[in-house]
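Next come two complexes built around chain A: one with chain B, the other with chain C.
And now, the complex of A and B:
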């Protein structure tokens, strides 16, 4: 219900030291944006600046074209869900949900209608008289969501709302929030450190590190075309495997094995000046396929260090060039430590990264903007 | 099927599940031995209360006995409720009770919001150094004895030479008024000096309670549309209500004892009608008049009244606010 423009936002806690640097993003109406990154990357700070809970050191925030910088949180049309729920302990569920509306002098009948409607949506009608301490974690989470829903605000902000829930509840509530967003159509900004949440909920993901945006894209773009090594490592579970390699005469070396690259990859690397160069090779665990026969130039032979049964899948750990590599295979087979196995590499899905800049070199079937290559040239010139 | 449950993949009855249940029995001694470190820690506390609180209570027997210097505490004759009757039949007693209750009301009810307000103000001072300095300044008077405080008051309010009178005189007024002797000024002076001396100290506990409130509650309230005052009303005060109630109940126990040293030191012939309280009366009759039995009886009544009031208020707050001492 609102378009949010975040223009070159910075946050300094100590003058000149940026906790968030040049955060620049336009969020379209009804989008579900997820800010994801490790602890201390500035994602919560960014959210709090949008909420008005933190001052902006530099930059501008617009909601539907209206500048928000100097507006008090109460005057920005936002609702927020906090990690620890922040329910008023002395109020019952009904009053917790009604509080924001009471503060805005909404008529009693309207408050009652909205609270009961939200309670019905969240299935907490039977809890309205209870105090927060009488509720379980999941129920508290629903009340916190309800408090945001009744406000019918233009923008929903959520700061790691699921991180205090157990795995099963997290999974369940995740789907419910997605459904809620679909029904309410409020522009939502969601902060999490959990890449699974980001992948499953977002229309677009913003990956952050050290206060800097690393990449903005749809979950699919982020997963299939990570902008750099950090994004490749952060998104995906288990993380992308990285191996040092050298591109030489259209071949790459992995351990003691040498492989010929597909023609398309060869051409793309060449066109960007990456022939005869040291590079970082990124392989997703699912792109390492277990094969039963060793084939020269097509498979890689390794010794299993460990295998973990994950249900229908198994994670196999082994070493290549002293780096731990993980393969995710669709089988329930178990492997002994030291057992010799062969893996085929899905060369159509491998990623190449510049070893100096750690930026990905586009080699897959994609529209080349070459922006990153240009950036690289700028720094290496 | 009601009495059947799944246990390790097999259906079992409750009786079958109870078959191997053999609870470990612990004697009181083994339990105590298990937690002996806590009992050792408890011992000095118990000893303190026994020696300094419970043993002296034996002296309360004096309230029912004729005390004589030659007979001692235990040797005198029993006099029943003679001293209690004496107190209730003395028309001045009610004046002392009234004076005591008025001063107590000042110190318990009228004073109550002030340390809370100070704590709220301190909480909003964001500069740590400034806040530390303000806290130190406001709580230092607590360490000055009443003798010094009343001495200061006597100097400041003295006729002709006192600061206030000199100020009045410099503005052309009559600078010879003896404020400390004024009956009408006794209660305001008691209140102001008590406020000055105690506010900083009492605000520490409230401040600690405020600091313990989860900061996101304020943020949630701000987003919900509450301004600063409404945040105080809807977040801070409910957040420290349990502390306020507990401190209030604790102080109610001494409602019939309005603070001896301050009142005794501020007492003078000019304000005797409003300044004679039960505490000062006990000292006058007991220590100065030698009526130890009578003074003990009044002290006992004071204690019992305090205990009854505390129990009643504790019960009320427990029902009404869900907070109580026990």
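And now, the complex of A and C:
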């Protein structure tokens, strides 16, 4: 239950490697922040700097207004869950959970109460006498969570806690962590490379790449208004489709097809100097809608390369301008390779990106500055 | 049977064969030594004793235990083995753990300084002079203090500590442990196999060492068992030589009384010195197993 302020944090290694560059973020009380990005983007390093396990090259960390830079990890009032559980192998589950409290000289009765309470929450009461080697992967991860819960720390840090679990268990534990956060109300920072985890758990997501923050926003904002090409590609499964296009006389060209843009989009592009310019067009797979009839200037005709049934949905792969494009359709229809099909484009949801800077050009009813202000208002209200 | 099954089976057979041969290479000499130690020495000299005594005799052991100061020597040996091993392993493991801490100032230099001593030896005389200057010669501490460190053991321990899952140590740091508490409550319990090995090496080294007792102490009451037995063997070998040289002039009655030879005495000595170590082994053998960290982290 704490406000965390991370002010212009940098992590540079001696060899000139910049692991984290200018990480600036304020995390409000009770928020569930997810740091997401590919391997090596600096998300774990950032978490470790907050935990005090890694020195900060420059910048400041405040928890509830108190500077943490020079504090030992044990003095920061944080609890951490590690990717590989990091349980003490020679202690049973009870002692693993009680160890942190014993170190803090908590009275025995209080330790017992907290451990049993956490065990009840996590449904591991029957495992308290067992050693870690006698537990399954899922049970070990619960113990690791339990170890954090008993501490009743102000801040929870979680470093990819689900990545070692199988798909079914990951899904189940993900929901449990979300519920746990709702009940405990601890400010949580969660690191993952899995965008599904980020989307489903976070109150706000921080997308990172090469040590730099790419975008901060709610899952919906990140998905519907990606700040740049990287975020568009990284968030969403399958990833956003990108097609080189030219905006000319209020029309755009996609392959051999030409489409007129909606009036609002035309005006927004024009006002920002993007008429008669080469751009990158971003279309989410679900914004390519399968239609049965070809209509000039409204549909695009393509040859199916592959179709994958994903359950209630089907992914259809085809090529436009030699780029593989994926469409996600809400049906269980299957398509033959080489089959001709038509797609309509949901122009209200398309995204334009500057081809040089790869930044998104706001064409919807917002600008990036508005978005940041909204973020701030949401938590200060 | 498919060809793919032949390979693993043949390998298994070869493994078992090698292990059996290896065990025989250890057990057979031991049985031979045991048989000679319980055999009359003079009879043993005729040769032909395999793994069972031909002419039973406890004379070799009686001779070994006749030694003056034997009980005192046993006490010195037990003292230096227990105290030397406990303090030595504690200090070596602390030094090794410190060398694994990446933030330790001058870690590389310290490691090199320790390693450097492996390359050169000062020699016995300078070593003796140093011990004398430190007032260690002819005290019981000459068995303990100079043997408190072993570079090989420190490096072995350091390598082992480096292989411990670092996240467990970090978890302990977050849980509120000081570095010493991490060492005592996390690192030591997780390193039982290597500590058992190093303890055994150190204890055997202390128990078997006769060199320090021979050269660095003069007082007979400070001589450990191994030194006393070594001195006895030297005396017995000399006595046997004298007896053999003068056997022509000795009365038959006198010759008949001699049943102990330096070889038979040597064998009894080996058994006497070996027994305490053999008795200790089963108690620490359980730690010579892998897998102490099983379950700690996702491998």
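Here, the second predicted complex is superposed on the first by the 363 of 381 C-alpha atoms of A that agree within 3 Å, B and C clash if a C-alpha of one lies under 4 Å from a C-alpha of the other, contacts with A are read in each partner's own complex, and residues count from 1 in each chain.
Here is the rule we use: a residue touches a chain if its C-beta (ideal position, glycine included) is under 8 Å from a C-beta of that chain, and two chains touch if they have at least 3 such contacts.
Just so you know, these numbers come straight off a predicted model, no measurement behind them.
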Query = Given the superposition on chain A, are chain B and chain C in a clash or a fit?
reply = clash
Partner chain in contact with A:234 - chain B first, chain C second, else both or neither = neither
Task = Between chain B and chain C, pick out the one touching the greater number of residues of chain A.
result = C
Task = State whether A:352 touches chain B only (first), chain C only (second), both chains, or neither.
result = neither
Message = For A:51, using the defined touch cut-off, is the partner it touches chain B, chain C, both, or neither? Pick first, second, both or neither.
response = both
Ask   = Between chain B (first) and chain C (second), which, if any, makes contact with A:100: first, second, both or neither?
value = both
Key: Partner chain(s) touched by A:80 [first = chain B, second = chain C, both, neither]   = both
Task = Quick one: classify A:137 as touching chain B (first), chain C (second), both or neither.
result = second
Message = Between chain B and chain C, whom does A:89 touch in the aligned arrangement: first, second, both, or neither?
response = both
Message = Show me the chain A residues, by the header's touch rule, that chain B contacts in one structure and chain C contacts in the other.
response = 51-53, 72-74, 78-80, 82-84, 86-90, 99-100, 103-104, 147, 151
Task = Would you mind writing out the residues of chain A in touch with chain B in their complex?
result = 51-53, 72-74, 78-80, 82-84, 86-90, 99-100, 103-104, 147, 151
Remark   = Given the complex, residues on chain C that touch chain A span 165, 167-168, 170-177, 181, 185-186, 189-190, 291-298
Query = Can you list the chain A residues touching chain C in their complex?
reply = 51-53, 72-74, 78-80, 82-90, 99-100, 103-104, 131-135, 137, 140, 147, 151, 164
Note = The residues of chain B that touch chain A in their complex are 214, 216-217, 219-227, 230, 234-235, 238-239, 241
